[in-house]
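Naming follows writing order (A, B, C, D and E), and every chain is counted from residue 1.
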Amino acid sequence: MMAVPLDHYVALAAVMFFIGVIGVIVRRNPLVMLMSIELMFNAANLLFIAFARAWVQNSGQIFAFLVITVAAAEAAIGLAIIVTTFRPQKYVDVDDVRTLHG
Amino acid sequence: MTHHLLGVGGTYPLLLALWLLPLAGAVVCWAFGPQLGRLAGWLVAGLVAASFVLAALSWGAATQNAAGMLGANQRLVAWMPGFDFGLLLDPLSLIWTFIITGVGFLIVFYSLGYMEGDGAFARFFAYMSFFVFAMLTLVLSDNFVGLLVGWGLVGLASYFLIGFWFERPSAVAAARKAFVINVVGDAGMMFAIFLIFAKVHSIGFGDAFAAAGTFAPALLFGVCATLTIGAAAKSAQVPLHTWLPDAMEGPTPVSALIHAATMVTAGVYLVARCAPLWNHSPQAQLLVGAVGGVTALIGAVLGTAQWDIKRILAYSTMSQIGYMIMAVGVGAYEGGISLFFTHAFFKAQLFLGAGLVIHALNNEQDVRRMGGLWKRMPFAFWVMLTAVLAITGVPPFSGFFSKDEVIYGDLQFGHPALFAISALTAGITSYYMFRLLFLAFLGEYRGEVEHGHAPGWTMNVPVAILVAPSVAIGGALMSGGESAPWARFFAPQFGAEMAAVAHRPPAISEGMTSVIVFALVIIGFIIAWWRYATTEAKRDAVPRLAGETAHMPVVLTNLFYVDAAIDLVFVRSAQFLGNFFGRMLDPHVLDGAVRDVAFWARWLGAVVRSFQTGLVRAYALILVFGATSFIVYYTFATYGMRH
Amino acid sequence: MTLPFTGADWSAILPVSAIAVTALAVLIADLFSGRNDQRYVSIAIALLGTIVGGILAARQFGQHHDAFFGGYVVGGFTTVFQEIIVIATLGSLVLYGALGPAQRIAGMTAIMLWSACGAMLMAAAANLMMIFLGLELLSLGLYALCGAVDRRASRESALKYLILSSTATGFLIFGSALLFGATGSIRLADFVNPVLAMNPLFWLGAGMFLIGLVFKLSLVPFHTWTPDVFQGAPLPVTAFMSVATKAGALAVFARFIYAALPADAVQGLLLPVWIVAGISMIAGNVGMLAQHDLKRLLGYSGVAQIGYILVALAGGTPLGLRYALYYLAAYAFMNLGAFAVAAAISGDGEEGADLENYRGLARRRPWLAAAMTVFLLALAGLPPTAGFLGKILILASSVSAGYLWLAALLIIGTAISLYAYAKVIRLMYETSEGARQALEPFVPLAWASAAICAVLVVAMTFYPLTPSNVLPLVR
Amino acid sequence: MIQFWILAVILIASAVWTISASKPVYSVVALLLNFAALAVLYLTLSAEFLAVIQIIVYSGAILVLFVFVIALLSSGVAPFAMGPNRLPRIWLPGATFVLAALGFLVYAVSKAVPVLTRPAGPVGTANVFGSVGDFGTALFTVQLLPFEVTALILMVAVIGVITLGGEQMRDPGARRHERTVEREIREAILREGEG
Amino acid sequence: MLLVLLIVVAPIAAGALIFALPRNDRTISRGAGTAVAIATFAMLIAARDAQWSVRWLSRPFEAAFHFGTTPVSFWIALLLALCTACAVATTRVARTRDFVALMLMLEGTMLGLFLARDLLVFALFWDLMLVPVFFGLVGWGEHPATAWRYFIYNFAGGLTLLLATAAFGVIYGSTDVIGRADAHLVGAWAPWIYAGFAFAFLVKAPIWPLHTWMPPTYGGLPSPMVSVVSAVQSKAGLYGFIAIGLALLPDYVREYADPLMVLGAISLIYGAVVALVQNDAKRVVAYSSLSHLGLIIIAVASGNRIALAGAVVYIVAHGLFSAALFMVLGYLEEREGTRSLLRLGGLGWKNPRLAGALCIAALAALGLPGLAGFVGELIILVGVYQAGYVWPVIVALVGIVIASAYMIRLYQDLMNGPEVADVPVRGDLTWLEGLAVAPLLAALVIVGIYPVPLLRL
């Protein structure tokens, strides 16, 4: 049944995670950063589901389900923070937010 | 055998009183000085006199030889095993006690007049009384530590009295010098104590002397050599003599008592007291004898080049103590002690006489500004004359007998070189003493003081009393060789040792040495006369003295560079080190890192802060950096597990 | 369909439920209370509910039950951590008074209570799912709390915390997935399998899982958010974060290393953590050196303090956990106390943490200064405070475990920290002219909190409570 | 196998597009594509329910939220122009290292997968594995507590958003003035060329 | 016996209570402070052999709040109570109330240290006693950097002490060991533990090259506090060497005696020559302390019983004379506004009591026979020589000679010489000041003559 070897899924998830991490450190738009984080979450989800399938364990699927739920909540809060932070600002740029440092 | 107040069987109940009375005087004068006023002086004089009386009463107890123990004992306190303190009064300490209390009383009495009107009258007598107590501690102690305590305390008393007029910078400096050099001596003695204690586990004289024969020669020499440092510092022996001439900054009675009669002879006492040690170490004897001889000569030579009347006397003291040290060093204990005994009288007389002059001339001390004083103060002249005759060893004055014993002792104990030195020194002594006498009393008066202080009876009486012993005591006690009272008095103490070390009779007989020495004395006298007392010399005194001052050999004016050498080697180098350590090493090297702690804190903080740029991307980068480091680690750590 | 749970399962989550419900009660009460008294109503209800939760949690001490199929473990270990979290919550709630009258605090109060629930769930969680959810419940609440005050710094701290924490959470989830992949289970208990010690997937999974944890523990180099967020967040939130987050993460970490790791893998697997703990002890303390803001300084301080606690765990010995708990409790009191003093000083909550405000405090408010001194001494590890005894215990533990290099780094770090703490102390006792003259207002709740903490910090030295039956209940 | 490769290419391409798009809206579109492809992949992995959820929650709810926020922010301020890049150049080597190490991570993880030892349980359940029934049973029995906790999480999200926004909604007059002042200050600072 | 606990707690509690007095109170706090210090003195005598103990920790090692004097610490504690009483009685600094409170806390913490029979309690009070001094330096010091230097150095020592204590406890199983004859630690760890202790003790003493905190601290602290600090706090390190080093780790003290002795000897000479050229009177005394403590370190390193007996005498003697010196210099500074040897001079004429007090203290410091300092030096060196060490004895004797030079210089530059015109002379010691110094001076004389009780170890 497992026509596709498991390590393919793992590699794919790792690449997606990697792209997500890159997105967080190279982009300056907080929205895109948040999307990159969603990418990371989804990479993990893919991994969960692939492993769940491999182990025939639905706790992995439920974990993925919960991650989706939490990601939704996090997106809500994160977007609220971005809105409150950047509405008074000229640019939507995280480099502009640096009163706290040192 | 009955027990009575004067003590028999090795005790003397009044010993404590004899010892502590002067301390009481010191404490009372120190605490209630201003209230006592002139009474302070009388009180001290009375207490010292009482001590003297008690000392005289102790004769029987001190000289008895009960149960193999000579003299009287008094136990005081025991600190710990081996550290037993007590007092011991035997013939040796008795002689010193006599001089300390007897001459001391006379000088204290004299001071009543001399210090009249001084702002710190009571303080002076407190110090004097304290000195007497300290000196008694020194000579009455039956152990090395007690001796050292006395040794240190007399140094302190001497320090106080040299610096008595402490508004004078020169007096302050002299006091400091005296004190520090004396501490050098204390340190030497301490080392000797360590050596002895490590060997015999006791500080008592008795234990140490009883074991003297069991000491290894090198150890014994070490003990004696370090004790010699103590003796040299206290008795102004070369090269630790430089403090003594400076010490003349103190009041003249102080010079008479401390820096002539008593304290400076402590070295003599020490060597005599430790005779059992020295007797077992010929090298040590030679060392001490040589130190004494060289000091005698150097003191005499330097005495010829001085102009300050007290400094001449100081160098004379140094020279005479050199004699004594030499004598006790080579083993002629009786001779050395006899010179101490007679010297105490005539040197005190010289100082007190000089004090009369100085007092009369409003503290003028330079002999170049004296002259012709025999007309103004004949009493002083006669006093000085008899004392000079005594010190130069003119028979039948007391100095003759004692000096004779000393000089002959050198031969007797096999040290011809020392004999030659001491004979030569006798001639030089004669020269500078008569030089002093001639310059001060003959010729015309060269100074400006017309009406000085007239000495009161309190000053004249003690001086007059001193004339008697300095003239006669030598003949009375010391003539007659082995059967003289002096020799018999010390026979129990030193007889055995003297017999043991006595060599074959020397080539020159005792009478012959007397003749040789006397001839040298005459030569010295003649030179002095020729230079200072001929009619021309007296007439041209002022220009001739100026010329002599100008042409004085540089070595002599610089006192053989001993002061300069000590200053350079010890004082300057210590100060240099201190400055280097305290102003360079401490703040800039040892403290370097902590000194600028605020700077380093800011710098270190800045390093960490530089990572906190406030940029969220930078933070994310650092975070991911950490994460990848983790993962790299885990990858490598699991490398071996791969299939 | 009947639920496969017994009464014991339900009673296990009673403390957490109580606090969660209290949050709802706060929100509801807020609807019915007037504008003037709303803050006190909120605080009072929240305090009451938290205390009830604490009591309920305390009653579980000594029990042992794996509720919800190992999702929620009841036991001494859980209880101690939960109590510390409850204390942190109480100590932070009382500081809401310092936020200024304009701030509506009901929402914040409720969120903090829910965050506390998250931390308590972390303390009890024994599977990856519950750990993740507890962590997220805590974090989401904190994102909101950090930005809850209408100040630039507050918004900024929320943004930074959000982005960085989410990234770290990404690592944690990915690590969880790998762990799940390596074991086929999400239960920590299933990880204690010698085979896994040789499984690279397990190692990598554990490593990435630990990244998420050390981020929450804010160890260098995962600490970058800490100073900024501590400085920017509202004071009560900072206080809460400084203790509760760390207690929760530490509970997970401790349970992970004590109950989940195959024995053969412990040494190698945790080495990076000990290394970053060592770096944290130095860097955290160095970071304090040139700070001008008390909250920021305490942020750096926290970085180092957690390093100390990890040193206690380094041996993996049963006693090490106890000392870590002791130090954590002590740390809770000293930190909460310090924040209480800070709240009393800053009064209206507007940037009051600037250290300049502390200059000459001893003249104006000697008791506050004395309390602050006690807390700073405790943080520095000086007697007569629990910090001193805690350090001794940690040192003893690391020495007996053979981690001498960690002990040495602890000593060096402490020496550095001293300068920073002493600088604040000196500032308070300085008598210079530049100090402000106005007397700080009397803030009863903050003062009381500071006093209680000070007493406890000292008392803990002389009567050290180290629960003896914690360890058996970890597994 | 072939569908996996197609999906993999779509996933990676859309992920790269997400993080490299010049405008956030494009990122959202790319992400939508990504999520859709993921949902398909989930279907191949017997996770039907999750595939549905993925589409409904992620694509339907979260991404809409993103679009909404983009619109909200665009209305008020200059549309997504960037300020000056303040990240110091010193970070470049650091970033290079991090990227290299991340690549390494991908390699390491994919190579780390061991041969799984299948559990001995009935494979027959595989027929229903991932179905809504199977999933729901587990969710409401064994995993009930996590499910309940998500309720709290969502509650926190709701109250949190209200709390975050609450201050801004009150007293708009003062708020506007404040914002004007702040913007003036910021522009002045930007003109100076430093923050 | 609870009295022992009271000795430690009473001063600390009293110090806290004094804060309840009115802010600008002077007389009550001073009087109360003196009374408390005298009371602790009396209690110490009453509780000489008493002990009090309550269990503190049972894991990772046994520890107890165990208090009670040892034969050595009894005398140091008495010295502490005496010095505190004398110093507090004449305190005249700004904010007297706070200062007196600090002094009492300092006394209490140090009493805790010296009465501790448990290593952990010892370590606790070791760090604790830094705090009052730190506050003293912050509140009354001359330069802020001084407080840092004091704190950083001593805390660094405190930390190694902490580490060593923890290691000792873990390995030995108990820290309740001070004053127990059977507690010896040997093994691979023991040298390192000893090193940790020794570092702390050397910093505290202080011994070259860890001494640089000391001169500015002694110079900067107000004289009542510095007299207690120099008299007693510096003895903590030496006491540590005796009660911990020699008692618990004797093998290692012996094994590493030579380096210790070298450090002691360097300190001895270093302190002496630096004291010789200092122009700040307090710094002269500070560096002289370095020198004197070097001698005690030599005594400890020799391990000889006689030397140790001497060390106890010298510890007490040094405490007495340094306290007296700092107090007298403090009175002088209060009057003249300076303590520079270059600016002062000739004070002796108008101030005989001041001069007398300084004189006795200085003479004791330079080891004048008949005073306490001499007894200590002599017995120490007798013991050290007996233990077979010759060169340290010679170094010590050189140090004694230099000591006489700098102490005489100190005394003469202040009291002798012509009066200096630009420095006003504002009166001799008052009767209270005299009364405060007198016990110290009297004790110097008594110990100098009859040190027997101190020698009974």
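Assume a residue touches a chain if its C-beta (ideal position, glycine included) is under 8 Å from a C-beta of that chain, and two chains touch if they have at least 3 such contacts.
Since this is a predicted model, take the numbers as computed values, not measurements.
By the document's definition of touch, common neighbours of chain B and chain D comprise A, C.
Shared contact partners of chain D and chain E, listed by label, are B, C. Among the other chains, the CA centroid farthest from that of chain C is the one of B.
Chains joined by the most contact pairs: A-D.
Most remote from chain D, judged by the distance between CA-atom centroids, is B. Innermost chain of the displayed assembly, by C-alpha centre distance to the whole-protein C-alpha centre, is E.
Each chain gets a centre from the mean of its Cα atoms; for chain C and chain E, those two points are 43 Å apart. Separating the centre of chain A from that of chain C, both taken as means of CA atoms, is a distance of 26 Å. Once the centre of each chain is set as its mean CA position, chain A and chain E turn out to be 65 Å apart.
Note: centroid distance chain C to chain D, computed from Cα atoms, is 28 Å.
Shown for chain D are the residues that touch two or more other chains, namely 86-87, 95, 98, 102, 105, 108-109, 111-114, 116, 119, 142-143, 146, 150, 153, 156-157, 160-161, 164, 168, 182. Residue positions 597, 609, 612-618, 620-621, 624-625, 629, 631, 634-635, 638, 642 of chain B are each in touch with at least two other chains.
Of all residues in chain C, those that touch two or more other chains are 129, 133, 136, 140, 143-144, 147, 152, 158-160, 163, 167, 171, 178, 181, 184, 199-200, 203-204, 227-228, 290-291, 419. Pairwise, the chains that make contact are A-B, A-C, A-D, B-C, B-D, B-E, C-D, C-E.
Remark: chain C residues 159-160, 163-164, 167-168, 171, 198-200, 203-204, 206-208, 210-211, 214-215, 220-222, 224-225, 227-228, 268-269, 271-272, 276, 283, 286-291, 300, 416, 419-420 touch chain B in the complex. Of all the residues in chain D, the ones that touch chain B in their complex are 86-88, 91, 94-95, 97-98, 101-102, 104-105, 108, 111-112, 114-115. Listed in rising order, the residues of chain C touching chain D in the complex are 1, 3-5, 13, 20, 27, 67-69, 71-72, 104, 107-108, 110-111, 114-115, 117-118, 121, 129-130, 133-134, 136-137, 140-141, 143-145, 147-150, 152, 158, 178, 181-182, 184, 199-201, 203-204.
Residues 128-129, 132-133, 136, 140, 143-144, 147, 152-153, 155-160, 162-163, 166-167, 170-171, 173-174, 176-178, 180-181, 184-186, 227-228, 231-232, 290-291, 296 of chain C touch chain A in their complex. Taken in their complex, chain C has these residues touching chain E: 319, 322-323, 366, 377, 381-384, 388, 391-393, 395-397, 399-400, 407-408, 411, 414-415, 418-419, 422, 425-426, 429-431, 461-462, 464, 466.
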